[in-house]
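Order of writing sets the chain letters: A, B, C, D, E, F, G and H. Residues in each chain are counted from 1.
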Amino acid sequence: MSETRLMKGNEALAEAAIRAGCKGYFGYPITPQSEVVEYLAEEGRQRGMVVMQVESELAAINMVYGAAGAGARVMTSSSSPGISLMQEGLSYIACAELPCLIVNVNRGGPGLGTIQPSQGDYFQATKGGGHGDYHLIVLAPASVQEMADFVYDGFDIADKYRNPVMILADGALGQMMEKVVFKEYTPAEHIPPKPWATVGKPPTRERNIITSLFIQPEKMETINIGLQAKYQRVRENEIRYELVEADDAEVLLVAYGLSSRICKKVVELARQQGLPVGLLRPITLYPYPYEILQELSERISSVLVVEMNSGQMVEDVRLGINGKVPVGFYGRMGGVIPSAEEVLHKVIEMFDRVELKHVEEEYHA
Amino acid sequence: MSETRLMKGNEALAEAAIRAGCKGYFGYPITPQSEVVEYLAEEGRQRGMVVMQVESELAAINMVYGAAGAGARVMTSSSSPGISLMQEGLSYIACAELPCLIVNVNRGGPGLGTIQPSQGDYFQATKGGGHGDYHLIVLAPASVQEMADFVYDGFDIADKYRNPVMILADGALGQMMEKVVFKEYTPAEHIPPKPWATVGKPPTRERNIITSLFIQPEKMETINIGLQAKYQRVRENEIRYELVEADDAEVLLVAYGLSSRICKKVVELARQQGLPVGLLRPITLYPYPYEILQELSERISSVLVVEMNSGQMVEDVRLGINGKVPVGFYGRMGGVIPSAEEVLHKVIEMFDRVELKHVEEEYHA
Amino acid sequence: MASVRGTVKINIQTCKGCELCVEACPQESLKLSKEINAIGYHYAVLVQDNCTGCVNCALVCPDAVITVYRSIKKGGKRELKEPIATITHVSRDIKVSIDTLSQSQQSIGRVDI
Amino acid sequence: MASVRGTVKINIQTCKGCELCVEACPQESLKLSKEINAIGYHYAVLVQDNCTGCVNCALVCPDAVITVYRSIKKGGKRELKEPIATITHVSRDIKVSIDTLSQSQQSIGRVDI
Amino acid sequence: MTHEILFAGFGGQGVLSMGQTLAYAAMTEEKEVSWMPSYGPEMRGGTANCIVIVSNKPISSPIISKFDAVVALNQPSVDKFEKAVKPNGVLIYDSGSVFILPSRTDITVVPVASEFEALKLGNVRVRNMVMLGAFLSVCQVVNVPSVMKGLSEVLPQRYHHLLAVNQQALERGEDLIIEAATPLV
Amino acid sequence: MTHEILFAGFGGQGVLSMGQTLAYAAMTEEKEVSWMPSYGPEMRGGTANCIVIVSNKPISSPIISKFDAVVALNQPSVDKFEKAVKPNGVLIYDSGSVFILPSRTDITVVPVASEFEALKLGNVRVRNMVMLGAFLSVCQVVNVPSVMKGLSEVLPQRYHHLLAVNQQALERGEDLIIEAATPLV
Amino acid sequence: MPETFPLDHLECVWEKPDTLTETRFHYCPGCGHGVVHKILMEAVKELGIQGDTIGVAPVGCSVFAYHYMDVDMQEAAHGRAAAVATGIKRVLPEKYVYSYQGDGDLAAIGTAETIHAANRGENILVIFINNAIYGMTGGQMAPTSIIGMKTSTTPEGREIATQGFPFKITELIAMLPGAYYVTRQSVHTPNAVRSFKKAVLKAFQAQKEKRGYCLIEVVSNCPSGWKLTPVDANKWMEENMFPVYPIGDLKVEGKLGERMFTQVTKN
Amino acid sequence: MPETFPLDHLECVWEKPDTLTETRFHYCPGCGHGVVHKILMEAVKELGIQGDTIGVAPVGCSVFAYHYMDVDMQEAAHGRAAAVATGIKRVLPEKYVYSYQGDGDLAAIGTAETIHAANRGENILVIFINNAIYGMTGGQMAPTSIIGMKTSTTPEGREIATQGFPFKITELIAMLPGAYYVTRQSVHTPNAVRSFKKAVLKAFQAQKEKRGYCLIEVVSNCPSGWKLTPVDANKWMEENMFPVYPIGDLKVEGKLGERMFTQVTKN
């Protein structure tokens, strides 16, 4: 089945969902990800999926809850404002430990904002935009190929930990076309049995209950301890990142998703100029690769975080670096994409400074 | 008008809202804050307020948007799941720069959870549970008196910066009774003119528009730069915290809200045993008092953060301390309140350790 | 004794004394006890042996604590048996005042969420 | 020339050539131009001088680009004037093919949000 | 001086308002005070309790786990909170509802027939005031006149005709302790 | 070798599919490729553009601001993107729509009467293919047969009867450059 | 006590169905939720569909329905039960799926999900307990509270001018073509209970036949919220709620009943 | 061109009202949004209430309504216009407040806010543009899309079995006692436009008299979404949409009209 195709990120993601054995999609149109529901409305339905365009994102996420609780591989997708509407539902899903896939094709906010690509929802995705102590597992693709690949991985991880997984992309990754190869994947080999699912109780077992309500605080704390233990396992096993020319780097760029693509270009350009610049690209945003940052902080002399927001992941980088070397930030907001040249400029500045002690945060003005 | 009364935190907050000239309340019942709408339904209505129990939190926050945009001092209140439902609306309000007051009487999550007090919504409140780069200004009361006082302050700050302010309390602060003195406060002296409000356009001015939509990324970035500049002003002017016996402290406790009350007790108990323990109580959670932490980090030998969650504010403390001294964490989750004794135990352990280098995070098991 | 065609068994430990069965019984066979049970309620008891096994009380009982029996009909005809209803725990006056009742109600009930 | 009781002024720079006014005009006074305007549309023009000033075209025009005039009625009676409608920019055939039209439509329109 | 007290019993026995009354009384005497109810899951057999702290300096934590005095109106409360009394503290309980008696010897244990006495006063609902009277007689946290002031705050206007019987109950509670104390002399 | 190209024009002129066709063609030739559209605010007079990168090694950023070649179908695109052409790069534009001519001298500027030629071919819609043909003739990024393969991917099945005229347009575009080049010799 | 009955002479004509668990209801004395639970589960038992039924509990007093109903169940977020039920039903179309919701849950915060599920003709059963109040959170006004009704958020009684009208969502739903069977019942008398049970059986039958959306509203009491004894509460309900929420079928087999015409005429 | 008209002989009988700004509409050629904007603002001008009117724009193609309508305006989140309008109206009860919403905004994501505003009898005017499609996001199915209609999410045409029925929310709202005036209009012919304008005037008059909630549905076109020329779109609309969404008053002065009975009977 593996074949190369040229597709938009949104379409590749949708195609991968069908191939990953996704049984149900529930969503509501929103730019720049409407291609997901449109592709599935045609292809998915023809290939046996339940594909519903429903009355709102609120309804969609709660249908995901119901269908995931009934043991099906299911997903939804949206973009920033729509994801905000799902926050209550996500907190419920996380607490009830239901595996499912949520896709956020991030656009520029806050508010109605713009439809251009952004990374302004990093905090919401990684720290928990909903209430209470929970975590999504967050995968950040940086290519159309990964838009597809992370669907399989996302579903598998979701099932492994019974936890919602979010693919945090952005408008550009959704809209751009690249080559994509769909790998061999037999859903039946990957989807584990779900004895906890509510599929109708046979006389041979107790009834199954999907709930997030534990009225006694002691019980609720036990539930939370269980969740935290799970997150600990996730932190131990699922951290992923990519290093580019980091071995001899003096200045380390840290960026994910689209901005990591731009930073790769920056590394190329800088190396052409003989500047030892490297890149750390976190692939999982939760769990975050703090350790590698700690490790690298022994070797590098400074860090520049590049984001398409006002500085969100930079906090995680600072937590990882823990004061060892200065951490600078360069960001563009509201749907503007930083160019490799402007980042390079910033990097050169860093090399130029005699004292690299403290690089201030800076917003493009 | 100043008089001493014994009241529940929720009631004191509601009474203060009336006195602060709050013109409209829009809310939906939820434990443990329903007393707010109940008190206002009786007292507020009698004293001329618009008090609406509406169909949902979603409707409520958007009514707040409309009414705030029309120039009125308005508020809503809810508890964790209800606040999650407001995330889209909050992002809109923040971007449209509408002053208003949001009260979260935090309960144990995630999901439906429990109704017991919690601080599990710290991230949501301070990092932005909604999409995009925005910030609420977050005040954390620790007494019934502050539940009242922060209403005036909250409204004033909201008006000053045209920014939504959140009071982040917890179930215990909402339910407990303490003495409260209502200060002299003449709303007319505090509420600034709002020439930007949509109150009907006289021929003498251009029409006013309340919006968060700026379709061109360059324009949207300009809006964001404006917001960030405002947040910078907020960080410069509005940081508040309280220090308790911090001068000679070796171990510094950091806690806010109810857990800071418990930590005050811990300081008392520790001092009785001759242990030099102090407390930093952040009052504004956004903007966060990083500087004082940096300052203190020169003097103290370690920090213990105490929260009623799995460790959220501890990240901000680490960012403030920036690796200078070890930062430990003690938390209880899901509505369980840590006792002074168990925290003290933890503190004693810290003194006992010869090496204070690294205190690991620990959840009560 | 009158012809008994039915009887009820009431789980007096879980009865909440709501009195709805008392209201529903066409035979006035049921009353509330003077005593309270472990969960604080004056429970329902059978106070007459005229129960017809009509099931009304069981249908309206919100706590499903009433089981209803009828004489076994053999050959298409009900076989009438000796009375079998037992009036337990009822010594004096049976009806309790609403005042006390509503007080005891407070000890169980809705969960706030 | 027939008695002219009205006329229209069309802002041809902002007309989007939707043709709804053409449809709405009972007098068949309007047609689309062969030429396109700066925003890419074949705009509406008055092609006959029989306009009655009935306002129909203006009412249905989605872009509010039509202004309608009528002869001033003096002393309760309409004073009929010389024709004043000018047919501009129309050289050949006036009707354009839908194919071209729908293409040009793509250059303006909805905003995605 | 700080007094840390817990009132506990079934919902409907008036434990929350007993605590509130004390809190109001203390406030009247210009003391610092906090009242913290257990709120929520009333389903669990309907137990309720509240913590009252009275002090002449600002109160740190309103939530504590050791108490100078525990006032318990039912068996589960005695079972649960006996161990929460500080050494040399006081445990007062309703003798009519408690059969498994407290066993600690390092605290003062005071049984009070509050329900019985309230019934004698013609209204079982004032049992909490009998209890409160007894408590005050043992612990002297506030004066009875302050309590009466507090009561008129706690009681909704429509119940103010009940103030008299409540006062009687309070005084009866105080007296009970004196009576009980007498034979010990 | 990496080719970084921008196609720009009005919405409806087929700029996005021109880029897509090239991308498909490159893929057919087993090159690395990315196609990044400007999406969204079509209201702004309806300008549209897309960036196509073709390379024989993995492509880092799909979003770049300097191009080896810019293909512009209208005046605003020339105005906006002339400065985005790298030194020694190429700017190809539709001569029928552009009146204010590009002024840079450090780049190769190629006017192509694509609309005119397309009209001659009987279908104004193939103007993008004329342009693409001309572009390929100048820049040799891929071969025309690959482009035809690409086209059959891009065009929905129901338009496959138009493949022939598209091929003609492509070839016409290529020829135009040769013709144009001749007098220069 | 069991010993006192010589049970061998008798046949049991009603007992608690074993589709209810042993757990004691947490509901207040006399609360209609218990009766509805009991009958619903009796129907499930009679139809033999316990193993094929999935229930959805709301947020409201019946939030713990899954403690009592011995079928697979999901607890939905406040107002989202219809969406959750839809999610389940769409991936398990052969199972019986029902939601159980209060008036706050269904007719306030859940309005959109409720109406759209009905409009789509989702093949589910919705049990709607209308007690005209928010029982769980302590007696606040519900969208269905009647005019003049005192609640903790309408201390002076609900008034039309500011709080609007009692919301008759059941009438609206009956209007939707996706709704197949819509009825309003009560459970305060033995006959009412019998009628309610028939309605449940009918609705499950319809679901089996894939007829579409079924809604059973139960006009119910809330003795605690209304501050009345259970007996008085039922009386108050008959006198005050039934005129606003008349009992009976609104739509049967996809056809609107007489009642709906009267409704429309009265309006 | 101005010079070509000897204007002094003529009186102007229709011109663009100055309550519209100079900004050119961004709508596609032939789109009904423009007509509705124009007439709405004409009414505001005629009533002389420009200085007392506050509008609420939705998320949908008309998201930029505030670029064109020269009154104070707020841009609401998708579906929340009725809530935003309520917030405004409650604190400024003497002002005229209207919301302007598409079918996705009003009848999908905004269902609950819409219905509850109507049920409360909020004294506002809601203009509801029903073009049976999501114009703004590129032509996906709307709740009001008709059976068989092809959209980008119903490539085979909307089918009842999985996507449900066209949602006639206007009929539902007419049923609510809080709704005072509910009408369905169109703007595709001169007479339709005249009738629509009367409806707007009537609704503002009702708001002045504090009569409660008014809803004007406009069955409208979306040439781009439907992939038809404007002229053909209007034809398609008459032929296919009017049978499902018949034009006319549903409720006038708080009384349901004939039409509603027919609706109910047909159902």
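Definition applied: a contact is a pair of C-beta atoms (placed from the backbone, for glycine too) under 8 Å apart; a residue touches a chain by one contact, two chains touch by 3 or more.
Given the structure is predicted, the values throughout are model-derived calculations rather than measurements.
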Hop count on the shortest chain-contact route linking chain B and chain E comes to 1
Pair joined by the larger number of C-beta contacts - A-F, C-G: C-G
For chain A versus chain B, what separation do you get between their C-alpha means, in angstrom? 28
Which whole number of Å gives the spacing of the CA centres of chain B and chain H? 41
Using mean C-alpha positions as chain centres, tell me how far chain B is from chain C in Å, no decimals. 53
Distance between the centres, which are taken as Cα means, of chain F and chain C, whole angstrom: 88
For chain B, residues that touch 2 or more chains besides their own: 30-32, 52, 55-56, 58, 81, 88, 92, 96, 112, 114-116, 211-213, 215-216
So which stretches of chain E touch two or more other chains? 39-41, 43
Which chain D residues sit where two or more other chains touch them? 105, 108-113
How about chain E: which of its residues touch chain B in the complex? 20, 23-24, 27, 32-37, 39-41, 59-66, 153
In the complex of these two chains, what residues of chain B are touching chain G? 28-31, 34, 37-38, 41-42, 45, 52-53, 55-58, 81, 112
Show which residues of chain G lie in contact with chain B when the two form their complex. 59, 63, 75, 77-79, 104, 108-109, 111, 134, 137-138, 140-141, 143, 152-156, 162-163
Could you list, by residue number, the parts of chain A that touch chain B in their complex? 58, 80-81, 83-85, 87-88, 91-92, 94-96, 106, 108-116, 118, 120-121, 123-124, 127-134, 211-225, 227-228, 309-310, 312, 315, 318-319, 322-324, 332-336, 363-365
Chain C - residues contacting chain G, complex: 6-7, 9, 12, 14, 16-20, 23-24, 41, 53-56, 58-73, 79, 81, 84, 86, 88, 98, 101-102, 105, 108-113
